[in-house]
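Just passing along the structure, written as structure tokens.
Each chain gets a letter, A, B, C and D, in the order it is written, and its residues are counted from 1.
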Amino acid sequence: MKDVVLEEILIEAIAENLDGLRHVAVGASSPIPGAAALLARSRSKGKMRVSILGSEDNNFFSDGGKEIFDVAGQGRMDAFFLSGAQIDGKANVNLVSVGDYEQPKARFPGSFGSGYLYFVVPRVILFRLEHTPRTLVEKVDFISAPGFSDDNVYRPGGPHKLITDRCLFAVDKERKCFRLESVHPGHTVDEIHEQTGFKFDLPEGTVPETRIPNSETLHVIRGEVASEISEIYPAFAARVFGIGNES
Amino acid sequence: MLMLANKLTIDELASRIPDGAKVALPPDYAYCSLTAVRALIRRKVKGLHLVGVPSLGFQADMLIGAGCVDTLETAAVTLSEFGLAPRFTAAVKRAEINMMDATCPAIHAALQASEKGIPFIPLRGLIGSDILAHRKDWKVGDNPFAENDPVVYLPALKPDVALIHAPIGDKYGNVWVGVRREQMLMAHAASETFVTVEEIVDGNLMDDLKMKAATIPGLYISGITEAKKGAWPLGIPGGYNADHEHLQRYVDLAKTDEGFEQYLKEFVLETPAEAAE
Amino acid sequence: MLMLANKLTIDELASRIPDGAKVALPPDYAYCSLTAVRALIRRKVKGLHLVGVPSLGFQADMLIGAGCVDTLETAAVTLSEFGLAPRFTAAVKRAEINMMDATCPAIHAALQASEKGIPFIPLRGLIGSDILAHRKDWKVGDNPFAENDPVVYLPALKPDVALIHAPIGDKYGNVWVGVRREQMLMAHAASETFVTVEEIVDGNLMDDLKMKAATIPGLYISGITEAKKGAWPLGIPGGYNADHEHLQRYVDLAKTDEGFEQYLKEFVLETPAEAAE
Amino acid sequence: MKDVVLEEILIEAIAENLDGLRHVAVGASSPIPGAAALLARSRSKGKMRVSILGSEDNNFFSDGGKEIFDVAGQGRMDAFFLSGAQIDGKANVNLVSVGDYEQPKARFPGSFGSGYLYFVVPRVILFRLEHTPRTLVEKVDFISAPGFSDDNVYRPGGPHKLITDRCLFAVDKERKCFRLESVHPGHTVDEIHEQTGFKFDLPEGTVPETRIPNSETLHVIRGEVASEISEIYPAFAARVFGIGNES
């Protein structure tokens, strides 16, 4: 069997966090979360729906652009994925700009649905493949969506995990901060400290290594999941799984 | 004896969108009228307030680059797989446009308020965000049906113009938009809607129950222009694909002011007769 | 690997609607599941709170007559060309049901609030009416964006169950409703939706762009029952016509308590196997 | 030419009040207002839209039951028709009940859209073919929709005329009451006083007789209007115009 790659470890780590859910939505341009959702769906034996947004063909909505947000507001979306140009130690997400808002040093596309979905989707999984002090910062320059809210703010949703290319953080809702949950194979806790701009908690005892998917899981990932994801993200599937044609 | 649609040439359509208008546009993955955008640039429209429903793409980037835009009200400006929108990014960094950052459902909800003729609509979320902090036109108020439950109040968002493209229209001004119902919401919410369509078909779209369910009635349509491949270089769902090579060329050229001018000259300013193609 | 629909017999469907449920029903001119209503009467459901979207007709009159209804929240109860609804009229005169009179757009708007997950929605009109005076659950408040501008605040209306009929469904629970989009609104707003369909077709309705635009996704559907002529004695738009003779017979019989009992005995209680027809 | 009938006089009287409008909506079971709208549309030379509600085939809406109310709220509906079990001298309309609301003597279907449309449609034409003290009352038992509102209430719409089988009333928005405008041929002012439960103003001078449609108008009514209305209300068209088949 060929070696396990980082993408497969991330797919498994995310999928574990989707276990038992009824409806998982994945944003556009998110091949790893998409594959993780498909893996979780495969394990659910038909109990989970997955919708892939921003694609005409791979979503089942029929009431225009508003429906996905209405679905979330109704409580019919259990998990969603968010990224950020910056993410800070209070789980605030910045998708807008770096520097002064009025005349920024860098400007990104914008907040999309984050300013809403982060509040109403119970498990929002933060996902950032560039884990550096530039992206994981002490304080974001612009809050597209805050990580935590005051007690009187309607907030059935919020951050559940933060997954990067180096490690996995859990969210401590009481202390309103991140706790290192596991470090991916080949990475160290010291490196995480060095590459993270915010303070985070450590678990008791030694920090575990992120689990490598077992052979049964790898079989599913490299089989049905790879095949399905290649229809949506052919370039990704070709690079990671060596299947399909690049487009 | 149904009312016939107001059939316009593409330049007539562009002339009906005045300087300073608040213009709602769909995202790149819906039905965008690039042919109308080119006509607007040719007529040197000024001071537009663009509303992304809920985000903007190539249309906005071109209009910004051509100096047609004062204000952007949108949840994002993105060229998706082609990366950051170069003219948008440059304009924001130079503080040349007034940004009204939003979140997708706030745009949908505020348009629905106009659709319903209600003066405002509440929305969950947003509290504690800098989106809200910068939107002086939004308010936080109480939920009158609960204790100590703050909620954001959005004023109704009423575009002067909704500008859309669609696969088919008919001579009565009925326009089929399929699952892209945000285009129907735009037409309901805006004062006027101008539309370009791939084809004006015979008969009445409202006579076919299957088509009717996804058709904007002519009641909302101020003018219609037949424009084959009117979304080019974008594609249309269920129709033709985007012209990836051309879009990449745009993105490469638009990285610089000079490159963008060259693109405009080659593909916008020197093709005034495109509607007659 | 799509989720398959939860296929139910008509009696299973009726058993999934609990006593005391708030049940949204469409008007007679949409797609009404009379077969489900008969099954509900057979299972002796009690204490229903019916919500007319926006008005009610034969379904409500039968359920009221059979003693299944505590509360009616509706803009009207009408049998159209067949006149006043006899069991409804008798029950109101005897003060046997709790009336929550509304106006059509208030029902649509309050359902849209649930659809959007917002706690309330404002609506124009109503101020000075006795509809408002009797609706203690509605409030008059200020428009926060204007001076001295009172507006009615409606709390979100969330039915426990939307009960609808439709021409076609598929094995994934997708249900095509055509232009009768209030049935889609009902499904979005309600906690659960049960549907009877004339026919469960092969394939996936979402694969056809023309059908998809008017199809309720299976996400919202808790259970589906195939029921040929499930709207009878009402008709369905674009399908079969109402059975006028039968409806007239109902109206004539339902004028008296005894006549209504006779109707029930003949057409509801003694046909428990109708779903298997 | 055959004699003019009351329905034709009413059709003409209503149509005059629709002149120059862009969109006139007609409720279900309203053949005379429907015919008047079609006459006005014919005269508009393609400038007026008419929508007939509650009928699957004769309306052009595609967004469910809410759309017609949304259209009115947007200001895209210029005229609508309302009737009432009772109408009073303040133009209040009652579509609900007579007697005590909780245990009424008579109960009607309900208010339908009146509690909203009466506020937002600029020209609401009240239409009641039974003109008696039982229907035109001093004070309605239940206000489905009030005739007039306080100055601070959003009220772009409201009553424009009241048309009965005996006469035509205009609305005086300043004095918030009705003024007799004309009496239909064969009826008298004394009779109107006797049969009306509310007080109303009289015009200066003699009360005119309601105009009889001229031959050109009758030609249109009995021709294209009768033909179109017979598709929607075949029994009405057969009875009044003697065309089509009763159904």
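In this section, a contact is a pair of C-beta atoms (placed from the backbone, for glycine too) under 8 Å apart; a residue touches a chain by one contact, two chains touch by 3 or more.
From a predicted model like this one, the values you see are computed outputs, not experimental measurements.
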Could you name all chains that are in contact with chain A and with chain C at the same time?
B
For the interfaces B-D and A-B, which has the higher count of C-beta pairs in contact?
A-B
What whole-Å value do you get for the distance between chain A and chain D if each is reduced to the mean of its CA atoms?
60
Indicate the whole-number Å distance between the mean C-alpha point of chain B and the mean C-alpha point of chain C.
36
Expressed in whole Å, how far the mean CA point of chain B lies from that of chain D is 40
Where the CA atoms of chain A average out and where those of chain B average out, how many Å apart are those spots?
30
Sequence positions of chain A contacting 2 or more other chains
61-63, 66, 69-70, 73, 120
Per-residue overlap in chain C, given as positions that touch at least 2 other chains
105, 109, 112, 116-118, 123-124, 149, 151, 179, 181, 184, 212-214, 237-238
So the touching chain pairs work out to A-B, A-C, B-C, B-D, C-D
Sites on chain C touched by chain D in the complex:
27, 29-30, 53-55, 74-78, 80-81, 84-85, 88-89, 92-95, 99, 101-106, 108-109, 112, 123-134, 148-151, 179-185, 237-238
Chain C partner, complex, touching residues on chain A are 23, 41-42, 46-49, 60-63, 66-67, 69-76, 120, 224
Name, in rising order, each residue of chain D that touches chain C in their complex.
28-29, 54-56, 61-66, 69-70, 73, 95-97, 101-105, 107-120, 142-146, 149-150, 152-154
Of chain B, residues touching chain D in the complex:
1, 3-4, 114-118, 174, 184, 188, 206, 212-220
Within their complex, state which residues of chain C touch chain B.
105, 109, 112, 116-124, 139, 141, 143-146, 149, 151, 153, 155, 177-179, 181, 209-214, 237-238
